[in-house]
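Following: one structure in structure tokens, then a few remarks.
Chain nomenclature is as follows: A, B and C, assigned in order of appearance, with residue numbering initiated at 1 for each chain independently.
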């Protein structure tokens, strides 16, 4: 990838309309993040309209947080509609290891929808990849953490998962890995305190959908650029915190940093490498 | 209208309880906006309680964002209960042009509920008024934008729609129009950047319900005053943004400006005219 | 209680995973509040997974805001699963007096789930305790307010309710009362303006679940410490407001104050007494 800033510039030019079928905990932040980057959000999760809404959009973001039996048919029909139309589809398997219901839904999605990208923490991606997982709740299990030691194993895991699904796989955490079947970008950035803000993962998944819509020919680079942008926003937002400000102020600062981020700022601040 | 500030003062005095059947993306902001203006929010959308909750409130706000088959019966039963009790009912037809499901639901609502006011962007109102519409997603289509050129056509449209429905129709955008069957107020104010904050429209619809509850005898003036208040909050909030702050800080500043807005401040800042 | 700060310190050490079946209006704030105090939130409300999610958590928070027929079975099955596993369960009966549906659900919950704590405003607790109530909406009825005059009657009410249910009962308002069947703590603190921020009650209920999970042997003290922490956050957050800031800024400042609150700060700021 030569210039991550270009991928951001294209999002601002194209202003993609992103359909989100997502949880009610972070839906507001996801909508504002998309507006911040210059994309346009629509949330619609009823089976009576999910596929039709998708048809009018440029990209689809499916998120398993607060998963509901009511909307599982929406995830499937919207995903399949997006596939027919050639729209990028991003899966965020929130807490997939936490219940059989989420696991079953994720399996069904992986079987019937072709994803352009899957973004999760390492525990979620491990579970998805049908490996042993100690995932509980929606946070990554510390035992799963990607360290420099275990980097090679993690890379192998996600490259193999990417190869089998045809999706770009993004694992985010202290170190981020973004891989297709061949190549793997390692992104170092962000702040550990982003984990104290609910929904930064959901926001990144939606951002990924926007980047894919605006950069359809280079999915691996597009996803990597989205990851770099979120990491940089986490750093810039942190630097802008005043004394006494905590995770709520930080939440706003991260999104506000995306709002003001320019292509050249991302160009300078992105820290990624093909390793 | 002589004194828009009076209409705000009455909201603060009466503290109306507003029942919202609304989307989960912006429900928190809607609740805080109502609390900011001195009204009291309740959100309840289950068919098992919607009509009863409405009966205990002073006004009803029905919003089609994240529309669900589960709650369509709630929209209908609450709307009809409010009609029986003579409570004001406001419709916000979010994204009504984006799916047959939303269009069908809106038609059913218009057929069986008498609305005191309908507030939407020009594309939504055009769709509702059964005219040709190019609406996609939940934003207004730029091709629909009200310009000084096309102002007369837009006024005719909404006055005719107001006459047919008996509702005050509010179209908000770069220029806002508020009409009943006879008169049309033009409101100039707000900031284009309000479109980069999710839910400012939903907030205004809820605010409209509060203003109608506190000013039942002058619905056109009440809705116009609510539109002026939101526009002014958008201007005041913008002026209070610090460098580096974006749409998240702006979201908070708008609601905080409503929190502190006095009748006399609105009196001076409202820019409306009967044209 | 000797040292409320200790109870907070234990939350930060244990980092309990709290399962919330809660309303979509304030779910984001609840999640961020739990992250602020060092706990970990998960929201999951589908009957297909509610009990299993609870089994993987340390505490359960059931909240009746935006109650849905779809999730009533989840409240019941998760509550019963938590009981079997010995996890603390907190009930927040939001607006229980506002509809027969909420009252019926609350009754069923009280019959089939053993609660560790119930937290509500005085109108909600009165309704729950099957006394006459004038509750409308989700705010406390001013006629119910706990004043120094009526304190004894309120104490008797909640002690008796605590005795019958085995739960710690927390009534929050201008003065807060926290009682088990024998003892009653009176907490004086907080700010009346907290009532202008939606969801501070929901946040406290979730916080209570976290405190109970980390302090299982002293439930009365744990709940009282949680109430003191929220009150103190309301005071600290208020002191940090800049001119022109309103209820949205205040919302963030309260949670940010929890983020930075230390055990010794709570130790000094808590104002409670066994009366």
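The rule is simple: contacts are C-beta pairs under 8 Å (C-beta built on N, C-alpha and C of every residue); 3 or more make two chains touch, one makes a residue touch a chain.
All values reported here derive from a predicted model rather than from experimental measurement.
**Q** Mapping chain-to-chain touches, which pattern fits: line, ring, star, complete or other?
**A** The chain contacts form a complete graph, every chain touching every other.
**Q** Tell me whether chain A and chain C, two copies of the same sequence, contact each other through the same residue numbers or different ones, using over half shared as the line for same.
**A** Mostly different residues.
**Q** How many angstrom lie between the CA centroids of chain A and chain C, rounded to a whole number?
**A** The answer is 33 Å.
**Q** Which chain C residues reach two or more other chains?
**A** Residue numbers touching two or more other chains: 24, 28, 70, 251-252.
**Q** For the complex, which residues does chain C have touching chain A?
**A** 17, 24, 27-28, 31-32, 35-36, 40-49, 52-53, 56-57, 70, 240, 251-253, 255-260
**Q** Note which residues of chain B are touching chain A in the complex, please.
**A** Residues 23-26, 28-29, 65-70, 95, 98-102, 136-139, 195-199, 244-249, 251-252.
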